[in-house]
Every structure is written in structure tokens, then in C-alpha cells.
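In the two complexes that follow, subunit A is the common piece, with subunit B as its partner first and subunit C second.
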Partner chain A sequence: MSSEAINRNRAVDWSLRAYIVLSYAFVFAPIAASFVFSLNSDRFPSIPLGHFSLEWYQAVASDPLVWQGLGNTLVIGVIVGVISTLLGFGAAYTDYRYNFFGKQVYLALALLPPTIPVIIMGLAMLAFLSRIDLSGRAISVIIAHVVICAPFAMAIIRLRLSQMDPALEPAAWNLGASEWATMRHVIVPFTKPAIFGALFITMAVSFDEFAIAWFVSGLNETLPVKVLGFLQGQVSPRINAIGTFVFVISMTLVILAQVLLSGRTGPTAADKE
Partner chain B sequence: MQRDTLVSFEGVIKRFGGFTAVQKMDFEIKKGEFLAIMGSSGCGKTTTLRMLAGLEAPSEGTIRLSGKPINHLPTWQRDTPMVWQSLALFPFLNVRENVEFALKMRGMAKAERRQRAEQWLDRMQILEFADRNVAQLSGGQRQRVALARSLVVEPEILLLDEPLSALDAALKVRMQSVLKNLQRETGITFVYVTHSQSEAFSMADRVVIMSRGVIEQIGTPQEIYGAPRTRFVADFLGSSNIFTGKVLAASQSMVEVETPDGRLALGGGNLPIPPRQGDTATLTVLDTKTHLSVSRPTGAANIVPVRVIGEEFVGATATVYLETAKGHEIRVQKSHDELAGLPLDIGQELFVHWAPTDSHLVAEA
Partner chain C sequence: MRRAISLYGLTFSLPLLVWQLLFFVFPLAFLVALSFWTVKNFTMRPDFDPVNWVTMFGKPVFWQAYGTTVALAASASALASVLAFPCSYAITFKLSDSARRWAIFLMVIPFFTSYLVRVYSWQIFLSDAGIVNVILGWFGLGPYSMLNTPGATMVGYMTLSLPLVILLQLFSLVFIDRTLIEAAHNMRCGRLRTVFEVVIPSARVGLVIAALFCFILTFGDFVSPVYLGGGDPTTLSILITDTTKSGQQWPRAAVIALTMIGTLLAVAFLAVRFAYAGQAKGARK
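Let's look at the complex of A and B:
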């Protein structure tokens, strides 16, 4: 047999496998439970289960408040995704292309927002946006979400740019492409997987984000804020139905981003020769 | 053959912050020649090429292309395509699209640029790979794509920045003849930057040797090999034995130098400016021009007693490494036949000798 087989300890192998299974169980059990109970006819989550039922999904689907929240969430999510990705691309390209005094400070500031506790961020956003008369509207949520999402987009696109052969851009100029033409025909095509990855990730972040949205959304509540409203009134299995739905959408976006970012993206500077 | 000047560097200096990469450079590139710029890393050869390509602007001086100053012309407005060390092929485009790129940027219609691209792919013998992704090609094929991509605009000049450095030895030799033939057939001026003596000397019509931002010598490979102008060039080429000493006597036709290894003479019409008596002088002799003998030769002018310290097999020839009484290393390169009769055991005492006409004076610099 190969050297692999003789250099392995069965006990270590099995304990590592058990470790992985337990880790995943820990992460996904609550989500799985929520999914299971969303299809259960009983009013309260309890074992043994009642019979299979879609009644909670029907209840959610017939609630106009849910549709309103979902509409807000989707519109805000798409707009936030697009704006954050544009800003993130600009910030990442600036970092890639230029060296300037204070670049380290620029990078630290650009990547800072996600490290600020969301409660602080939410309060600060509320205080600031209400002062300039922009609180309690959809645009308030958009502004606040762009602030936390743009750094993610920047980080993703920056990583892709760092894999680009540094000679690629000057090579395009040298072949007669102006700086704008090079941006359009070389930089954007090369970064495209990361651009779409960033778009989906930032949409997912905005879609899930609750705390800041709760502070600044006013009457234009997003779905997560609506869910909290339901919870405060009563514990209803409808939460499970919404939770399952939100989980599916978020995971879809994240998986799309994963596929784009790790999939076949052509050779990079690193794996040449 | 008298050729017109295509490019001239006039007092060009390039500084990066406090570091001077190229110091006051004056030289010309002739139309249709294959010029190699050679030197070790950091000597300024790539900076020189990048200034010509428009990727760096000179700090001082003027670069002219066909007589017109181009110092501040952006690279995309020059016709100075470059083949990059990394090749810098666009990974998101296929082979044909890579070659079409420059034509597309010049606004050429789709059908025409496709035809032009395919002509060049055919010429480079890679037409069958036109629809492949560049990642699927071998090193040599990618090399050809890079050449086609630069040559498709049919420029007057092509710049090459160590394009063969990533290839294995056999492929390197094959690509050298591809490049040389391509240059001869198209008549396009090639400016080829390399640190490899064999690449420069086998392909170029003229070679520029640079060191620390200064041009040490410009000439044909034969001129430079036969008569290195400075000590740096002699050292860099590694094919000359170098001796330094005080001038004992000097005339228009003969110089005698007292070196730690003995009294050495040179002469025979290669002394434009004879040194003065008492000056320090450095003289060189090619390792192929030195001879070995067991007994002290009679009548020879330059005789140095040596001990054998080693022997190296170099294909058709062998290099014998010797050491003088003062510990100065001397190399002698001979064919195996010429060495056949000699005892070459380590420690064996022999005599190295050569004719005064095979010695050259070089500048210390």
C-alpha cells in the first residue's frame, strides 16, 4: 500500500471524522430543527411531531406585512449589492494600482466598518441619518448597509486583483489600449468572477442584516425586522417558515459567490509556470 | 552595411527616488538590427527597455523614435509592442482573441482583424490552437502567441524582455532560431533584453553591455568577445584571463607590464592610446588563446608558471583551471585533442604562454 496508509492512525482518523460530524451538527441542528418544525402542524415545537403541513407557509404567504417586508428586503438588497460592489471595486483598484502616502491608513479605514459592533453602528447611523433628515426610510437602510457591505466587496475584489499578473495591465497599454479601454477590456474581465461574487455576498449580508436595519428602517421594515415583530407578539411556527425561506435565499447567494470565486477562473499570476 | 537610425537615446537619465537606474545614456538603435541589451540584474537594462516602451519616463534627456522625441508619449500611442518576461497573455481570452487585442484597440473591423490574427498564428505555426484557452498551451506555444500578439500590428520595432527565461534549455535554443529567423524575414528592429550571454551573442547583430546604469561596451558579438573594452566586460563574459600591473615600458606598438605573476607584454597595433610608464594597466587574454606546455617554451613573450587545480569538461572542449605561484587563477580552454598529450593531474606544474598580439588592454572603470 501507499505510504499514506502506513503512516495513519485509525483512532486519529475516526476521532477527526467524529469531530467534523459534531461540528456540522452543532452549526446546522438549529436550522434543520427550524426547517422540520416549519413543516409540522403543531402550534408549539415539540416531539413527537404532528403531521406534515404547509399551513405555516400559507399563513406567511397570505400576510401582506410579510410581502411588504420581503419587497423592502429584496429591493434594498439588490441596490446595496450594486452600490457596495461598485465602491468596493473602486477601493480595491485604487489599492492595486497606486502607491501613495498614508496607504496603510486608507486600507485600515476602508476595511474598518464590519469590525464595529453593529449596535454601535446602528445607533451612530440613526443619530447621523436623523440629523440630516434621512432616517426612517428605505434609503436609510441602503446607506447604512452600504457602509458595512462595501468593505466585504473590496476585500473580495482585492484578493482577485492580487492574483493578477502585474504585467497584464501595462501589457494592454503597450498594445494600444488607453487606461479606460484597459479597465473595460482587461481589469473588469479578469476580476469578473470576484465582481459577481462580491455582488452576491453583499446582497446576502444586506438580506440577513437585522440590528442596523432595526435602528434606521422606521416604517420601511426589512424582513428580519418584521420577524422580530412577530416574535415579540407571539411565538408562531410562521417564524420557522420565514427562517427557512431566508436561509434558502442567503445560502443560494453565498453558494453562487463560492462557485464564482473558487471555480474555473483561468490561470492567475500565481500558477503561471 | 550602413543603416538609418531608428531610435536614439540622448543623455537619458532615469532616477527612482534617490536611486539612479540609468546614468546619462547615449546610444542609437539602427533600423532593422537585432540589438541585445545585456547585463546582470539591476544594471538598468529593463529600465532602458521600459523607457523605450513608454512605461517609464526619462528623468532627463531625450529618446527619439524615427527622429521624433517620444519622452512623454503614453505607451498606448506608441508602436513599441513588448514581449514580457511573464508573457502577460490575457488569461480570459483565447489564443485568437489575445492576438486580435491590439487590432481591436485600434478599431479594426472584426473580419479584418480576425484574418490578420490568423495570418500571424499561421506564421507562428499555432493556427490550430486559435480557439484554445492560453492555459492549455505549452511554454513554447505560449511564447509564439506572445510574439504573434505583439507582431500583429506590424510595428517597426519589437521589444523583448527576457522572453525565453522560463523555457527549458532545448526549447530555448529552438526559440532562439525562431526569433532570429523572424527578425531576418520581417526586417523589424528587435531590442532584446537578457542576462544570458549565449542568448545575446547567438542572436544579436550588436550587443550593449550594461553595468550599474552605465553602458560598458557596444559592439558586435565578435568585437566584444575578442576585445572586451573594460575590466567589467572581461569579467562578465568570463572568457578572459585578467592581469593587472604597472607599465614598465610603452610605445605605439608594444607595452610591457610588471604583474605579480611576471612580466607580460602586449602589442601589435591594438593600442590607440598607449599608456604611460608607471601607470596601472589591466590586460586580458582569451582563455582560448592561451597555450600549455610541460617545459618552459623558448622564445615566447608571455610565460607564466602554474599548477593544475582542476579540469572541466565543456562539450567539444575542456577548460583547465590553473593557479600561479601568487594564487591567481588562470583558465585555458582547448579541444580534447590539444590536451591529449599533457599531464593534467592536480598539482602538476605547467607553463601557460600566449602571443603578445593576443593580449588587450582594458579600462579599469
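Let's look at the complex of A and C:
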């Protein structure tokens, strides 16, 4: 791109670059601080720093409620990831392949849920699920999380399908493959990176969701709900320790997704280089 | 190629449809029904009584919270748009392709960190003996009490929305036809004038959508107003959590939630209209 030729004023360029750095500093300050203070001894964190300490990690590790929360989060996250990805794949394929009356409504249902404020979703879910005796259990959180996670899976997989040569599927049919065989041998292999990408991203979204989970989980609290509890009660740097730990898990998932989505996308990505 | 409905097609399209109908449309529809239920002796019973609507709309605290929430969310959208624009502009036009890819990747990271943890982290920065006051103290300033103020709420709102606003602005700026900018420069259009008369109008849809998402996010957020703003003044989201968690007044909470949805729909409609109004010049009116 030849944008260099357009603007030449160095002072403006450098102050804009400095502004980028400032913006990123604002966004990453709380993330970095949480990591630093998770390893710091002070009960009421500030600067100058106290000494290096693992006590908050130890406090967290010896709290059975935290382990229970982590267990719930992991189980729920994996199940949510799998269901959301399956539903999202189906919806993405439907959008890719079919035109039908009411498709706009279908797509709205498939994509809109994340734009509804979580607090309203939480209330609606709590009221509805307790009506059908499904509230206060792990399955309540799973049901609610799939609603907001499936759209992400659908968007990711749809993006991959849009890179597929539209002639590929009809070519397989012409060669005698059934629709099911084409799905299995052409479509699924082609979208595989996106399928796993969607799986990891939806798991990560579920790991961090606290508001809806807070409303519907009852006693089966997930880890983020536990953190909310810490914030409400005995605020302590344990939050930082949990936050850092969850951050590492989430980032591992996101980076795995990123590698899958960009690493082996084949000719389409390479063409752009 | 149009085909009749087949088992194959339904296998893929139906599951999501059924799930979202059952667990997205039904709960929201149930919220409408719930808002007409009555509560007697701490138990809810199905009814068709507008009492909750009348009670809630007759409460000064509800309208005060409504005003506060709209004002906070609107200021947050304006602030986030203004703060994000120079950043997304600079990333689009002043960075190399690979630096831009890194910038985008980095801006995605905050979405996968716990918002709660970041808000707690801001408490460490903003509290009376916190990092900001210590640094100000080195220059003989302060200490100022910053926590539990609307300003702190705004910091939380920016934490929540700035990454999304920057990314959305970025995606609209990247697609601007650069020959337009070059043309403006060739015709000796000044730098700032180019930004306001070429760049911003070209990216208008994306910029408005970014502000809209910021409004949606902050309008429904209860974490920043409670844990950074101190819960005072009350916002609608705080009102919902209090009303829901403190007993059986779910029908009233439903009234608040539905009012919020109505407001969001109206705001989204106006924003989208405004975003596309400039596109068909002259077509308007």
C-alpha cells in the first residue's frame, strides 16, 4: 500500500503513533497490573510493590470452592463449545448453501443473541428456566451459554465456507457422491480449521461469561461467578491470581484457534500475501 | 438450484433454529408475559395485570435511573468514538501491513480476559492509596478520591468498549478507497479537512455502528457502575440485579428489562437510519 506517499508530516505521524501506544497502554494496563499484583505480597495492592510472593496462588489453590468452580467452568465450557460449534456449523452451512423464505429471520436468530445485554438474557433465562424446572443447575448455564456462543461459531465457520470454491460441492455430486458423502469428504475437511477455531473461541467465551451464569447457576457457580463473589465480599488479590490463571487458559485457546484459522487456510490466505 | 426440503438440509438448519427458538425467543417472550404477573405473599402467579408497569413507571427512582443510564451510555459512546478514532485512524494509515495485523491481534486479546478482573485491577489504580494517587503524590498533587465516582464508571466503560470500538472503526477505515484521499491531497485539501470531509464520511456507517455497539454494551453493564461507580447513581442494570436478587419481584425486573430492550431497539433503529442516511444523498426526504 502506498499510504507513505500521502502524508509526509513527521511530527503528525509520530504523535499519531504515540497515541496508538497510549491507547494500547490504557487497554492493557489493567491486564498487566492484574498479573503483576498476583505475584505481590500486599493485601491492599499499590506501588511501591511489596515483595514477590505466591501466597495468593496458594490461597486460591487451597480453596476447595475455587476448585469446584474451576471444575464447573471447564465441564460447562467444553460442552458449550461442542454444542455451539455443531449448531453454528449447521447454521453456517445452511446460510452458505440454501436460499429460502424467511432466511433473514433465520440469520437474525442465528446472529443476534450476543447483542442482547447479558443482564437481560440472565433475567429472561432465570425466569424461563425456573419455570420449566431447569434453573440452578450446570445444564442451565450450558443452555444459556450455547445461545450466546453459537453465533460466534456460525460467524467463524461461515467465513471459512465463503472461501470455498462454490463449484466444489456440485463437482462432487456430479462425480456421483451423495450429499452426505460430499459433506463428509469435501465440506468438513475444508472447514476443519474453522471448526476447531470455533470450538476454542466458544469455549473461551463461555469461560469468561459471568453475568448470565450468575443469574442461572444457583449453587453450581462457575469460576467467573466466584470472582464476582470475591468482588462483592472480601476483595483480595486472590482475584488477580484467578484472573491470571484464567487468562492463561483463555489465551491458550485463542492462540490455538488463531494458529488453526490462519496457519493452514490454504491458497486463499497465501494469495493475499 | 432450488430443491424441496430434504432430510439432509434439515439436519443442518433445524438444530440451531430449534435451540434459539426454545432458549432465546421463548425466554424473551416469557419476559413479556412475566411483566403482567402478580406477586402475592412472596409467590408469583400468572395473571394479566398491568400493575407492575404502573408501579415501575410511577416510581421517581426508575426514571432517575433511566435518565442516568441513557446519559452514561450516550456519553460513553461519544467518548469512546472520539478516543478511538485517532487510534484506529493511525493504525489504518500510519502502520505497515504486518504492524497492523499485530495491532489487530493485540486488540482482540482483551475480549478473552475477564472483565471482572480488569475492573478489580482499576480499583487498584484508582483507590485512595492506589497507583494513580501515589504517582500524583510524587508531583505533590492529590490525593484525589477517584473511586466511586461517575468518572471511574466511565473508565470501566472504556475498558469494556474501547477494544470493540477501535476494531469496528478499524474495519471501516481499512476499506476506504485510498484514491479518494490522494485526490483530496492533490487538490490541496488540508490534512484535518481531509479527515473530516473525506475519511469520516466514507467510514460513516462503521463509525456509527461502533458507537452503537458501545451504547449497547455500556447500557446493559452493571459491573462498572457498581464496582467502580459505587452503585450511585443507580443505573437500570443495578435496578434489575437488585430487584431480581432481593426476592420475588421478578415481574418488576421484567418491566425494567423490557423497557431497556425497547430503548435499545429505538436507539439501534435511529443509529442505523442515521448511518445510512448520508449514503443515498438526496434520497432522504
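Everything below uses one rule, namely that the second predicted complex is superposed on the first by the 257 of 273 C-alpha atoms of A that agree within 3 Å, B and C clash if a C-alpha of one lies under 4 Å from a C-alpha of the other, contacts with A are read in each partner's own complex, and residues count from 1 in each chain.
To be clear about the criterion, a contact is a pair of C-beta atoms (placed from the backbone, for glycine too) under 8 Å apart; a residue touches a chain by one contact, two chains touch by 3 or more.
None of these values were measured; they are calculated from a predicted model.
When the two complexes are overlaid on subunit A, subunit B and subunit C sit side by side with no clash.
After superposition on chain A, the vertex angle at the CA centre of subunit A, spanning the CA centres of subunit B and subunit C, is 100 degrees to the nearest 10. Shared-chain residue A:Phe190: touches subunit B; no touch with subunit C. Contact with subunit B, but none with subunit C, is seen for A:Ala167 once the two complexes are overlaid on the shared chain.
By the document's definition of touching, of the two partners only subunit C reaches A:Pro45; subunit B does not. One of subunit B and subunit C touches more residues of subunit A, and that partner is C.
Within the superposed three-chain model, A:Gly176 lies in touch with subunit B and out of touch with subunit C [touch as defined at top]. In the superposition on chain A, contact of A:Phe89 is made with subunit C only, not with subunit B. The superposed three-chain arrangement places the nearest Cα atoms of subunit B and subunit C 7 Å from each other. Residues 170 of subunit A lie in contact with subunit B in one complex and with subunit C in the other. Note for the complex: subunit A touches subunit B at residues 165, 167-168, 170-178, 181, 185-186, 189-190, 192, 266-269, 272-273.
In the complex of the two chains, the subunit A residues touching subunit C come out as 1-3, 5-7, 9, 12-13, 16-17, 19-20, 23-24, 26-31, 33-34, 37, 44-48, 86-91, 93-94, 97-99, 106, 109-110, 113, 115-121, 123-129, 131, 143-144, 146-147, 150, 154, 170, 179-180, 183, 204, 208, 210-211, 215, 224, 227-228, 231, 235, 239-240, 242-243, 246-247, 250-251, 253-254, 258.
Touching subunit A in their complex are the following residues of subunit B: 53-55, 74-76, 80-82, 84-86, 88, 90-93, 101-102, 104-106, 133-135, 139, 149-150, 153, 166. If you check the complex, the residues on subunit C that touch subunit A are 1-2, 6, 8-9, 11-17, 19-21, 23-28, 30-31, 34, 83-84, 86-87, 89-91, 93-95, 97, 103, 105-110, 112-125, 127, 129-131, 134-135, 158-159, 162-163, 166, 178, 181-182, 185, 191, 213, 216-217, 219-223, 227, 237, 240-241, 244, 250, 253-254, 257, 260-261, 264.
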